[in-house]
Amino acid sequence: MELKFYLISALVEASIWALPAAGVTLIYGVLRYPNFALSEYMTVGAYLALALANLPGITIWFAAAAAVVMTGILAAAVDQAFFRPVRQAGALPPILLSLGLMLVLQNVVRFVWRNDVRELPVPLVEPYEIAGFVITSHQMATIVCSLLALFMLFFVLSRTRFGKAARAIANNPNLALVAGVEPEPVYFGVLFVAGALAALGGIFLGLASTITPLIGWQTLIPIFAVAILGGLGNVLGAASAALVLAAASEYSLLVVQASYKPAVSFVVLALVLLVRPSGLLRSNL
Amino acid sequence: MSEARAQRSDFLLVEGLRKQYGGLQAVDDCTFSVAAASITGIIGPNGAGKSTVFNLISGIEQTDAGRIVFNGRQIQGIAAHRIARLGLVRSFQTPRELRNMTVLDNIMFVPARQFGERMVSIFTRGHRVAAEERVISARAMAVLEQVELADQALTLAVMLSGGQKKLLELARCLMANPRLILLDEPTAGVNPRLIDDLMGVVKRIHAQGMTLVIIEHNMNVVMSLCDHVIVLDRGRVLCAGTPREVHSDPRVLEAYLGGPE
Amino acid sequence: MFSYLVAIITFTGIYAMVALGLNIQWGMTGLINLGQVAFFAVGAYTAGLALLAGVPFAAAVAAAACLAGALGIAVALLTPRLRELYLSIVRLGVSEIVRIILLNDNWIANGPNGIGGIPQPLFARFHGEYGMFFAGLTIFVVAILLWLSLRLARFPLGRIFRAIREDEVVVDAVGKSSVLFKVEAFAIGAIFAGIGGAFYAVYLTYISPDMFTAQVSVYVLAAVLISARGSSVGTIGGIALVAFLIEGTRLLKDYITFIDGVELAAARLITLGAALMAVVLVRYRRSVELRS
């Protein structure tokens, strides 16, 4: 009975983690650096949704959608403004920039909304039972929407021109340039998608628990663990790794106390990396 | 007696070397030997696996199969820095100078077992380190004289010309007091005027008893410098012999002009 | 006001120890380390617990240094095979794990409550003037660590560290184990941070896990970044700047009445983050232009 309970929460957690992790892995694959600020876009997305939803006449669905789009645009704009000037300078400058950005984003949120714990204005729901599993409609929505988002991402990456350009740059940037791919529009798109995915993940996280300025920060290590485990640059890998790590994280509750949970995904990652330094799946988009 | 002679002609022995990258067999059952105090040239068309062989010998990459014996000792699978300590050093095709350090520093960090490299030395009064530094810098200047870079001693390595960086590569090898030097395309990208100087330096080093293995594309250099030449093509040894023998071997010409793709 | 200045100087000194350590790892040897706070935390807890157990101050600091150094060696040894970018993430992760462990461990570290009542050395002698005394002691130790850093930079060992920063393959190619020296550099940096941690514990007399978040690593990163390539003195300047941004603007609280504490704290960190980004842009934009 307990095992089934953990399964649902593992699925929810995997759904939440997979989205920003996909964003991280996308940015790493195409732009070749780990963007530590992406988890803060989760926070920004959640708060934007919160602010919009509290306005009269705005439904939670619209607020969420708007927040996702706005965060995506913000991420792309920030990238164009601050990261573009140092594109040619290697991986270190964007890493450092993302660290500074992390501080800025989190504290702007804190400045505007303060440290209080908040919740999305959604009605409380009763859990219901399906096939022996106990689940709420919120959890259902999270899992389903996340799957939808991931499918859409796959579709975009494999069928659209943008997706193909992104993959070309990820596989061989020089060749892509020679073949006539314009990198900056692709980067814009990648950041938009990553920021949007992160915002969506943040909203679901806020739905599942509460909203504080720290929710992104607390998810930083797990989403990077997921991204690395799945092979940086590998979106499918990220999705699978999210399942693995979320399951490990939830089921670890059987063995260790709850407050160690954030460490579990990292420990699993460390163990895997000791054996296979390049992650579980091969790195490619 | 014959064992010593065997060692002399097999100072470096490469046997059945293999290395694969993905689907590409870069080195394929490569076998050759290098005699002590010789200058051996390795030639072959682009992509023949020459630099890869150097990488395998020097331990920067691991072999998939095969044996490498240096001075009677098996070195395949041994870490790169240990191989260097055994007296086998190499220069790099694209110079790897320590860019933001002076030419002198580029050479002075080389000698092994410096007292000043140990943490404890920081806590000493510094006399021993200073004395050691004086000895090392004197030796370094001598090496730089040998490669005619002495006047650039205090220049930052990044400011050197391409040819000078090649000389620096050579100087770094010399400073390590090696028994065998692998030179990877020492004249590539070097000003033609400087090539004669380079060759002079190599001849002088060789005259002092050094064993050299040189990858080269410049046939003049190979013909005038080497006493033995090995031709690689598609990862394996095509033929070997004196420069004259190899030069007139029709297979070599065919390999360079490219067979059917 | 004066005592506040003394406090800032002490904080700056403590952070300077940590930053000097990072400078040896990153500035001199080129090892990315986003998790320096881990060694800071280990040093603080080790010293705090030792002092509470009655160990004399010098021995407690030594213990802090040793444990931090040991952790540094472990982290450096466990990660040599990883690619550089993974490395940076892993080291960040390690520091967070350390904090989480400290947060949860109720047996030794007393969990989220932290440990308090840490005795301060020679308190009886100075008590009225303790702030000044401790500031002086901190500056003294910072001076020693600075002297060691400068010495290291000039000695052959520092030359090897710099060589590793430039090209570790070359270091191996001449017969020196780059792995060995990297571990050494990392451990030395960890020891410096551990000593800083010890002083932190003593200064505050109370430490808890939330004082050692990864953001502290970002602060010292900013400091090293501000300095020129591996300059120890520059690092001190950098950390002074950072300390001013973090702590000094607290002073402004008296003058800025239209926003309150939480907002002011947030504003300070926004400024720090923005400053870090600005420094990165200025520094690396130049290198991009130079290249083209």
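In this document, chain identifiers A, B and C correspond to the written order of the chains, with residue numbering beginning at 1 in each.
By definition in this document, a contact is a pair of C-beta atoms (placed from the backbone, for glycine too) under 8 Å apart; a residue touches a chain by one contact, two chains touch by 3 or more.
What you are looking at is a predicted structure, and each value in this text was computed from that prediction instead of being measured.
If touching chains are joined by edges, the resulting network of the protein chains shown is an open path. Each chain gets a centre from its C-alpha atoms; the one nearest the centre of all protein C-alpha atoms is C.
For this pair, subunit A with subunit B, the centres built from the Cα atoms lie 49 Å apart.
Distance between chain centres (mean CA atoms), subunit B to subunit C: 42 Å. Centre-to-centre separation of subunit A and subunit C, using mean CA positions: 30 Å. Multi-chain contact residues of subunit A, defined as those touching 2 or more other chains: none present. Per the touch definition, subunit C reaches subunit B in the complex via residues 148, 151-152, 155-157, 159-160, 162-163, 166-167, 169-178, 184, 188, 229. For subunit A in complex with subunit C, the touching residues are 28, 33-34, 36, 82, 85-89, 91-93, 95-97, 99-104, 106-108, 110-111, 114-115, 220-221, 224-225, 228, 232, 257, 259-260, 262-263, 266-267, 269-270, 273-274, 277-278.
Interface residues of subunit C, counted against subunit A in their complex, comprise 32, 34, 78, 81-86, 88-90, 92-93, 96-97, 100-101, 103-104, 215, 218, 221-222, 225, 262-263, 265-267, 269-270, 272-277, 280-281, 283-285, 287-288, 291-292.
The touching residues of subunit B, counted against subunit C in their complex, run 58, 60, 79-82, 84-85, 89-90, 92, 96, 98-101, 105, 108-110, 112, 114-119, 121-122, 129, 132-133, 172, 175-176.
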